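Next come the structures, one after another.
Two complexes are shown next, each including chain A; its partner changes from chain B in the first to chain C in the second.
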Partner chain A sequence: MRSRDRWQLPAAALLAAAAAAVWWRADLFTMELLAEVAILAIFTMSLQLLVGVTGMVSLGHAGFLAAGAYTTAAATLFWGWPPAAALVLSVAVAALLAAAAGLFVIRLSGVFFIMITLAVGQMFHAFFFRAQRFGGDNGLAGTPRIDLAALGLDSGAPGTFAAFALICAALVYLLLLLVTRSPFGMMLGAIHQNESRLASLGCPVRRYKLAAFTAAGAVAGVAGALTAQHTGFISPDLAFWTFSGEALIIVILGGSGSLAGAAAGAAVFVLLRDLLSSGSFWSGLSLPPELASHWQLFMGMLFIAVVLAARDGLYGRLAWLIEALHTRRRARR
Partner chain B sequence: MLLDPGFLIVQTLNGLQLAALLFLLSVGLSVVFGLMNFINLAHGTLFMAGAYLALSAVRAFDSFWLALLLAPLGVAVLGGLLYLVLLRHLERADPMRQVLATFGLIFVGVEVVDLVWGSLPHTIAVPPVLAGSSLILGQVYPTYRLFIIALGVLLFALLYAALERTRLGAVVRAGVDDRDMVAALGINIGSVFLLVFCLGCLLAGLAGAVAAPVFSIFPGMDLSVLILALIVVVLGGPGSLKGVAAGSLIIGVVDTYGQVVVPELARLTVYGLMAAILLYKPAGLIPVRGAR
Partner chain C sequence: MLLQVVGIDTYYGSSHTLQGLSIEVPHGSVVALVGRNGAGKSTTLKSIMGVVPVTRGTIRFAGEEIHRLPLHQVARRGIAYVPEERGIFASLTVDEHLTLSGRRGGGERRFPPRRLYATFPELAERRRHRGNELSGGEQQMLAIARAMAQEPRLLMLDEPTEGLAPAIVERIGAVLRMLRRDGMTMLLVEQNYPFAMSLAERAYVLGKGRIRWGGTASALADRPAVTHTWLGV
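Moving on to the complex of A and B:
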């Protein structure tokens, strides 16, 4: 684990460079994808703080993203708040709700933690599905994007918004990296490794878990606010448990414990989905293009393969490869 | 409205009908959870497979009763294959891997169904014998729905007798109680588990086939049902047959009345109930004796 940590920053820098390079040459559609990758990366990195760092496997994390998205939509559409202020409010609301739910859910662990977070996430879904004020199952449309006119920029342009989302993702990455490397983050890692030992040493384990759950919820709120800004349309589907499940798969795909891995996993997921759901990809393989509408079949099989095969995810494999090459070269010398 | 006896009788019967379906669906999930601490999210997919296999069987043989026999058997075989090919390798894995691998299966299941049967919703006609309505407690009620209730009660009685009176039942009860001890006594708990798993799949398939004339059959019909079944299992206590029956009754009735009386809350109450049970009675309402 320690030796791999060395590759954390280089991997993140590589990822950022790749994103910047793509952004430099991207067409309008690719810009939309980039923004989506950035927002999903924020969400999966927040989940990584729970799953990979602290060892709390939540199957209801999408509930907090949805809470952030609906807060931004409500604040801008109903009260006329500027989107930037709505973003701050979204984070506060998501954090508050995560803290309230966290008070209860952190008492459980293992499979029971998975089940109760599932129930909590579904409560968000059921609420938004029925709340007529928020458009019920039709959702809400028309959330404005952040106003960057002061910088002389128009956030309505896909390129500008993609850059904004990418910068947000980078900031979130740095913030979470600081958190995981702080004494607080070290404690979270220790809880992951041996919770009962820590408890017997007198560490208030539950307080740390509650703090982690709240922090992860707050960051998910950022992703929610940006989702509302990006698509301008939100629906209860954002809170549905399958979205939480997809985010968990992405976290595993990226590799356990690595923030950069979670972000890379988000990129791989969005690109794969785009690839598999485009008819030209399948006809390029001289297969019927109708397969594109069944892209979830291949995604599902990939999910299973990822869970079965990649024990430590893409990032882990990559770090292992670099590490192995490194030692071989050293041995030759 | 609430004090009208006719309304109460009809809604209670609706609740019981849903409870019977939930019972059939949740038994397998519960026993697998109780026996192996294994959560199979693809259980709803097996329910959907039961409905679609029943659809094909009705089309092929033009007999609902044959479909009711063949579809569950098909699902049991499917479940057995699934176990041998995939799930067996996950028995010792941590819960996250189990949940996510079976989560992937949900996507595969929906798409396979879409590929084979198309994305449009289907229905099956109610068999002629049960097509009409019956007079019960002074209310006119569809006979087929009464049949579902009766089937649920019958299967509960059968399963209860099997669990309490047969050797296999004793092994299963002991396995839920302490799996390692049963294995140490020289019983091949692995093959018992395969058998129980297939039986659970059979019942899920039966639930799908029975539900087919009442629900609409479409790819994705498994998602909402799966969550309800999970709630039933948690509510009753994993591995407890009586718990599954009690959980099904509670969820069936609460959900039915909830949709009618307080539609704006809808499933919020059911999820809240699940969270509360997990917190204050993690072993469920009717815990298995000696469960830790």
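Moving on to the complex of A and C:
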């Protein structure tokens, strides 16, 4: 029996249907949130490939997202490339940088891997912070969005861009699902469970880990390119380790090992942040609206509660619940 | 000689586990490593495989020095290792386990999946089940089948009968005897002394990280002083 795995596609379909329903009735602000959710979901799914599938916990993954964002900004603003071509270039650059960094980092494991990826991410941050060509700590503004005029669409409209970002997220999900269910994905899962055992079967484990690290970096590059297009402004903060940490929390919240869980975690994170940082939410609860400025504190408390109550994340709990209901129904028959 | 281990030293932290250990495994033979708990039997297999590093001495396999090779390269030279804990992947099916190790090299296979399933019909019935859904005996059979799927020149087994019911031990014994008839070279670590002696042609007795005795299995039966001192039988 495939147990939990069999709920992956239904969960993803449910998530996609929810996103489509929200998009259908959304106002302009909600469209912006939807685009943010979609882009963050792409990023967290790429991290899921490393953390949940292969067992490589990275605290520097945001570096590759930032590399993708800066590549898109540089290609469109400095060289006049169309945003679509810049997106492709962003993926290639992020993949290349991930492969170069991966050559070194995959030699380590456990806490040493976490530390070296943290250092790699911070190197990206330091580079963009100092690089005056890229605006230094002021960042870069004015990255254009993809041109969809050929389809009769205006990507400048929040609804159009949100739909574009959601379609990209769905495509990334399907691509990563294919990867995780391929023989390559099976090897990554085996590496997660027992790396040394797999190596003793003759599997070149490091090559597989490098391929996973590169693929995850490439997908983070997609998220970076879309981030630059979405906000039109990028800064070195995109590479800062706290963003990698946030993505890691989202992956754990959503359910380690599940792509749909990582995407759902991104949605929950953005929506909660929006809710908890709104003064009217606290006023509605008859509490001082100043609490909104402490939203990270409440978010942290919520995460602790989720981790304590559901160690396998939201997806894991949901799958467990459905399994339990199934078993009960079968027992009644 | 297929495998030559010459004067190896291995440490676990500050513990000097193997001390100048030397053994030889001829082509097509079954060699048993016997000894009490903590004698260094499993460490010997791990050292040959490269799971634990060797600090001194050499290990030659088919004339090539292998003790500095990474783990997967040792396996690719033709050494399959069935560890004591079996190393079954919980999330992979029986079918998937057999493809993990059966994807290299061209030419005709000695152990295609069809033959493996004929050897272990219990596994054929459960080919779509995951590793964590198998019993201890089925897991051991799968570990041996997976090692056979590697098409090895040397099969190393660490305590293959540990914790198994007598009926399963008999099944495992029958499969290993079949492999011996087939000409498979095997290095067997076993605490079950009668089981080891029923299979092996040669034996080494280990005690406190050193070889205490080496010779033919039949000669060991005539050395009660050795078996009493180092094996407690």
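As a working rule, the second predicted complex is superposed on the first by the 325 of 333 C-alpha atoms of A that agree within 3 Å, B and C clash if a C-alpha of one lies under 4 Å from a C-alpha of the other, contacts with A are read in each partner's own complex, and residues count from 1 in each chain.
Quick note on the criterion: a residue touches a chain if its C-beta (ideal position, glycine included) is under 8 Å from a C-beta of that chain, and two chains touch if they have at least 3 such contacts.
Predicted model only: the values in this text are computed from it and were never measured.
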Which of chain B and chain C A:Gln193 touches, first, second, both or neither: second
First, second, both or neither for A:Val205, with chain B first and chain C second: second
Partner chain in contact with A:Pro183 - chain B first, chain C second, else both or neither: second
Partner chain(s) touched by A:Ala149 [first = chain B, second = chain C, both, neither]: neither
Broader residue contact with chain A after superposition on the shared chain, chain B or chain C: B
Partner chain in contact with A:Met299 - chain B first, chain C second, else both or neither: first
Partner chain(s) touched by A:Ala309 [first = chain B, second = chain C, both, neither]: neither
Footprint of chain B on chain A - complex, ascending: 51, 57, 59, 104, 107-108, 110-112, 114-116, 118-120, 122-123, 126-127, 129-130, 132, 241-242, 245, 248-249, 252, 294, 296-297, 299-304, 307-308
In the complex with chain A, residue positions of chain B that touch it: 37, 39, 86, 89-90, 95-97, 99-101, 103-112, 114-115, 223, 227, 230-231, 234, 263-268, 271-272, 274-275, 278-279, 282
Chain A - residues contacting chain C, complex: 1, 183, 186-187, 189-190, 193-194, 196-205
Chain C - residues contacting chain A, complex: 49, 51, 70-72, 74-76, 80-81, 83, 87, 89-92, 96, 99-101, 104, 129-130, 133, 146, 150
